[in-house]
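What follows is a set of structures to go through.
In the two assemblies presented below, chain A is common to both, partnered first by chain B and then by chain C.
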Partner chain A sequence: MSKSKDNSDGKAAVISAKAGVKESIIDFLKKAMDKGVFDAVLIPMRVPAGDSFAYVLIKDKTLLKDGVPLSPIMSVQGAKAVSSVTRLGKGKMKIAAVMRPCEIRATIELSKLGQTDLENTTLISMDCPGVLPMSDFLIDPEKNIKIFNEAVQKWDDAIMRPVCQICDKSSMIAGDIHIGTLGAKKDTFFIISNSQKGNDVMDKLDIVLKDSIDSWQAKVKNITEEKHKKREKNLKDLKSKIGGLDNLLDTFSQCINCHNCMKACPICYCRLCYFDSDKVKHPSEDYLQRAEIKGSIRFLPDTTLFQMGRMMHMSLSCVSCGACEDACPMSIPVAQIFSMIADEIQGLFDYVSGRDLDEPVPLVAYKEEELHEVEDAND
Partner chain B sequence: MERKIGVYICECGPNIAEKVDIDRVIDAVSPLEGVVVAKRYKLLCSADGKKFLEEEIKKHGLTHLVVSACSPKEHEKTFMEVCKNAGINPYLFQLANIREQCAWITDDKDEATKKAIRLTKAAIRRVRYHASLEKKEIESNPDVLVIGGGIAGIEASLQLTSPDRKIYLVEKASSLGGLITNFEKTYPSMKPGSDSIKQKIQDVNKNENIKVFTDSEVEEVLGFFGNFEVKVKNVTEEDKTVEFNVGAVVLATGSTLFDPEKTPQYGYKKFDNVLTSLEFEKMNISGKISLKNGKPPKSVAIIHCVGRDEKGYCSEICCMYSLKFVRYFMDKIPDVNVSNFYSDLCIPGKSHQKFYEQTKGKNVDFVRSSDVDVTKKGDKLGVQYKDENGSKSNLSVDMVILAPAIEPTSDAPQLAEITNISQGDGGFFAEEHEKLGPVSTSTEGVYITGCAQGPKDISDTIIQAEAASGKILSSLVPGRKIEPEVKTSHISESLCIGCKLCLSVCSYGAITFDEAKKISVVNEVICRGCGNCVAACPSGAATIKHFTFNQLYQEISEAVQ
Partner chain C sequence: MTKALKINKSAEQGVIEFLKALLENGKVKGVFALKKISNDGAVAYSLITKPNELDNAVPFYPLMPVNAGKLLSRFTLKGSSIGPVAAVVKPCELRAFIELVKREQGSLENLFFISSTCGGVYPLKMSVNGTVEKNLTKYWDAVKKGEISADLRSACKGCTEFMPYTADVTFDLIGNNDPDKQCVVFLNTKKGEEFAKGMKGEFLKKELDRKKLDKFKSKREVEKKKLFDEIDAKMNGMDGLIDIFGRCIGCHGCMRVCPICYCKLCEFESPDSEYKPSNYESDLKKRGGVRVPPGTIYYQLGRLTHIGISCVGCGACDDVCPVDIPVSIIFKKVGESVQKMFDYIPGRDVDEDIPLITFEKEEFAEIEE
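Showing the complex of A and B:
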């Protein structure tokens, strides 16, 4: 994947979508399968019961019509699906994974951590309006699908998850191909290639990359700037609410230690979490001793320690996808908190998680000159 | 097993006794679980002290030992030795530093005592979780890898070779000899240069204990002093790789010349008859010094210090070989006029001044100058320069010889990485210490000689080759055993998720990736126990013996209580 984020002319084509944008995207994927460009497509689909959406790896192209490129919820973070398919090797099948930009970034981040092998996978992203909070959606799925689709038409994010409302990377191109719906003329969308792999796909489908994406870029710039402003404001407010040890302990005091956030997180990939291991199970005299020193000890203990530990591990790679917050039964704003920390930590290293496959994770990239920001000013 | 922990607090003469209330420490730790004895002693590291400890261990049947005394850097090994002599595993011991960390940092006896109690308690808590570790011994390998087949590498190989030591000499070119093969004569004796090397090359080729690889590059060096694993690739047959083990490595990769095209004022590659010193040596040894048109030059300018400002150092040998060039001319084209343009003449040493005096003559000029420019002037070359008084002058010559700076070969960065040493000023391999360790490097068992370490002449190169050989001969003795690190890293097969982050942070190449199982594996013989992989491992799969998560957790949680 190329480093460049500016998609100059010669990388994009305008595609006619008379039958509707969603239908035309599906048609594009079907054509690609017909021509053998892809052997399978990984795309969200509504589950038979109708009350949720799941990622489905489609081999039978007649099933493609049920694919939903922009599902209203994120029940599974797409990177987890890609990792399931490719963790033990690229495989023989050429796969197209149709996902949101944050899912693509998580996939790229996982690739750096050896948890996906993307050689045979083409990552296709879409302009993302956000997704509905899972708990809201489940109250009335049928109605909420309708509400979501209407919001997408107006590109209105007021009903989306709080972390989606402040996402300033909702059209970020990190994968091979991006489908741009913003700024497109009626009944059209942009298809933008971002890598050699993307170019090869276009070649095989006889799509000539010759169109300008000025209008897409302009629209994306507007939306991104607006969201970025809102992000800065909201995260600043959040920081004042949770900053300091007491506030932090209060925020996480609701945590019931279910570890759902960890299980839903696409990046949290350890085989066995330290906090699920015997290493955090201590002999009773240890607890008695702690109770003696502090007067009492709460059970289950160390919930904040778990959150802090997860934050330590994840903040360099967090893509602010919001999966953790959706999964939290106690409605702790984990995704917003992690987003805030991730912004600061990644900022220290000029790093954006999942932006570029060739950018090494800062933990293993040694630079002689870095981290002066956190040095003691008196030294 | 019942733990019987003995705690001994050293007075360290007045050092600890005067600043820490040792009896209070004893009172505080005596009731702790597993502590069977807690005592003070005036100087535990003394012969009497060691004997006392040994007797105590035996008398009380101790299973674990805690000593509160000085820094582990000072006497950890001393007390581990005591444990060994008394029959308990030396790793079932912990040293709490209550001297540097308590007694010496405050005048407040109460504060120092409180901290000493904390540290001693933490050591007691930690030692409970210690595991016995066994030292292993492996045969040290007396063989040596010499990289570079120039005069430095050849000399080192010849010095090192013996029937019980194999030398692997790796040269990237197709034949041995290096730069010196181009020199008709060497200064100051003006004795034949290439002849002396020819004899040495023959000696190398005849010697059955020296294995020569030409057209070859070193691809990998893993391990440590006494036990390096080496991979050598033949560059003409891409897939041909040879692997062998050695105990030490000598880097003798020599040097190359600064590219004068980077200093366009000298007209190199722009005008005919502008040569580098090496091109001139080659022309000379081929038998005829001539201009492009085949005629001998009547006037020559030798420009010293080319690239000196760019590189930021004097290359030491250019003045002397320029004088040697003058001698070539005096012998072969006696009526030629030679003008030397220099910024500083560098002719130190017991015989160089004499050589200079003998070279000066009626047709030989030395001009101290700056801002030298070479231009085309009809059939001739024009040399414009500012003399010492700052006034501009001109000189027409037939030929210009440039003496460019000496710089490390282009593969130096790669070799520095492979052998895990650093590059210093000018990109030359960095010696361990400028004065006290001029041929050693930061990696034990890797030595540097010749121009790879910095510009130098043949005699200095030989001195270094002999010095490096002497270092190896005295330390890498055939039959001697070495003890690999005991406190090595271990990667849990069931926890490793295969992200490979550990591979990128291991400085010793001790970790490999098992593609079938998709997990990382530590080679415990190569691992030095630095702990980088443990810090990088996101999934807690990598742990280091004697510094396990649990040991550290227990120690810290007691200390911060």
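Showing the complex of A and C:
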């Protein structure tokens, strides 16, 4: 994916969506399949019982009409779906993956970490209003789908997950093609190409990239600034709540070590986590010794150590998607905490996870002139 | 006649006094029990070595943050406990541990088991916002009367195995008329008798009141039938399975908290279960679309096959499921039907072999034919 740094004029087309935005997006995908641009499309679909949405790799075009480009929940992070399809090779099929911006960014991180092969995959993102908390959604799926769709119309994020409400990258273009619905005139949307791969798709579909996206950019800028402000405020509040070891221990005191957060995390790709390995299994005397020193230890011990360890391992690539928080049975605000730390640590390296495939993950990129202040502190 | 000890304190107080005495007179090196660990009321299993730390212990708290069988396995995985440790566990946790010991995932040596007739526990979710704490009076009221407390986890509502099989001592909680003032501890083993020696209280010769417990059991049977019937109605062939498990997000939390699922690397997370691009391609030749990641129902059925024979119905899987699939009821229902075929009750007796590793020549001839 060779990235163009400039997404302005000449990279976009206004598409008519008289039949509705969702329908027109599906129509776009269908045309692309008709012309053989894509052999299959990876897109969320409602499950047969109707109480959830799942990614489905569709080859039969007639199924496309049931695709839901903006599902109301994130049941599985899309990057995990792309990785499942391409981790062991790019395959023979040309695939379009329709996902949220944070899912695309996680996919790009996984690609840097060798967990996807994107050569035959085209990443298509959309402006994202956020998703509903899974537990809220499940109370009444039918009703909540309606509520979600109404909220999308108004672009109102009050009912979305807390981490979505403070997402300042909800229209970030990192994939090949982006569908912009913000700032578009009635019954239209923008289709924005962000790579050579994207340009090639447009060529084959005779879509001429000649339109201005000024109105999209202006609207996105507005929303992003608003969200950013809220983000700074909320994260500051969160920091005062969880700062210091005692607060941190209290925050994670409800953790039951199920590691659902890690399993739902798109970045935690290790097959066997260090914290599930033999390294954390000790003879009874070790546990008893530790207990004797303190009078009592929580069993298992090191619950907070797992959280800190996971944070160290993945926060440089954390895309703040919120999958961890959705999966936590104890309602610990994991995603908000990890997102806060991710901001700070990525900021140290001027790195934004998933922004650009060509940007190496900082910990694998050695720079001699970097972080001298840390060295000096030890002199 | 079994020996018993009557303590003139509430069960919660009585067990703490019992544990304190064990620590103080050096009969045990440590105590393994539920304890309040934070200001906001989080309760977790703890390994306690100092008697005063027991002040915050809540051994009979109606919550199962983690199945203790799993934790005791971790404690004794690398060898039996170096010193005597008293563990206060629920009957299903004890049974889970016994199943793990059969699988060489732990050791009974040096462990002293304190259990109780168990009134069940609340869903973990209720501990997050402090609802468990608020419900405690209601809970103990119901237990005292030998009734099923409202809002219990469904796994507990329908649990008929609320009496421990192999505990050294059993606190009788269900139908204890005077739970605030006194409790009775049954000393089931030599070890139990020896550990109780010198404790404050009155030693009696007494049996557990079977009639009272049978009455309670029949109430549980009714609930169990209801739960099983509900699942039966839904689990109708492949379509039923798709309906029930369709919302599974593949977090495998059920497997991770399951005391029986001890594998370090699950088959369903191994390279063998991974789809290659060619698998997707060939699947898509047969079907118009494939769910990604694949194998949602395959995983559930696979796990069911692997652990059904030893499922103790503890309900940990329900507690952890982020999409509220009634995993434990399904597993308990199928598990019991397999267990019945072999007349096997998981965790009843450590010397009873797991049926699937025992070859009996004269068995299931009807299937062969």
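As a convention for this text, the second predicted complex is superposed on the first by the 365 of 379 C-alpha atoms of A that agree within 3 Å, B and C clash if a C-alpha of one lies under 4 Å from a C-alpha of the other, contacts with A are read in each partner's own complex, and residues count from 1 in each chain.
Keep in mind that, in the parts below, a residue touches a chain if its C-beta (ideal position, glycine included) is under 8 Å from a C-beta of that chain, and two chains touch if they have at least 3 such contacts.
Everything quoted here is computed from the prediction, not taken from an experiment.
Aligning the two structures on chain A places chain B and chain C next to each other without any clash. By the touch criterion defined above, A:241 reaches neither chain B nor chain C.
In the overlay built on the shared chain, the residue A:233 is in contact with neither chain B nor chain C. Measured by the number of chain A residues touched, the leading partner among chain B and chain C is C.
Within the superposed three-chain model, A:221 lies out of touch with both chain B and chain C [touch as defined at top].
In the superposition on chain A, A:313 makes contact with chain B only, while chain C stays out of contact range. Once the two complexes are laid over each other on the shared chain, residue contacts for A:210 go to neither chain B nor chain C.
By the touch criterion defined above, A:271 reaches both chain B and chain C.
Contacts of A:363 after superposition on the shared chain: chain B is touched, whereas chain C is not. When the two structures are aligned on the shared chain, A:253 is found in touch with chain C, with no touch to chain B. Shared-chain residue A:113: touches chain B; no touch with chain C. Minimum C-alpha separation, chain B to chain C, in the superposed model: 9 Å.
Across the two superposed structures, the residue set of chain A contacted by chain B and also by chain C is 88, 271-272, 277. On the side of chain B, the complex with chain A involves touching residues 494-501, 504-505, 518, 536, 538-541, 549-550, 553, 557, 561. Chain C contributes residues 29-30, 32, 35, 37-40, 42, 44-50, 52-53, 65-66, 71, 74-83, 85, 124-125, 127-128, 239, 242-244, 246-247, 249-253, 256-257, 264-265, 269-271, 274-278, 280-281, 284, 287-294, 296, 319-324 to its touches with chain A in the complex.
The touching residues of chain A, counted against chain C in their complex, run 40, 42, 45, 47-49, 51-52, 54-60, 62-63, 75-76, 80-81, 84-93, 134-135, 138, 249-250, 253-254, 256-260, 263-264, 271-272, 276-278, 281-285, 287-288, 291-292, 295-300, 326-331. On chain A, the positions that touch chain B within their shared complex are 88, 113-115, 269-272, 274, 277, 279, 286, 289, 293, 313, 360-361, 363-364.
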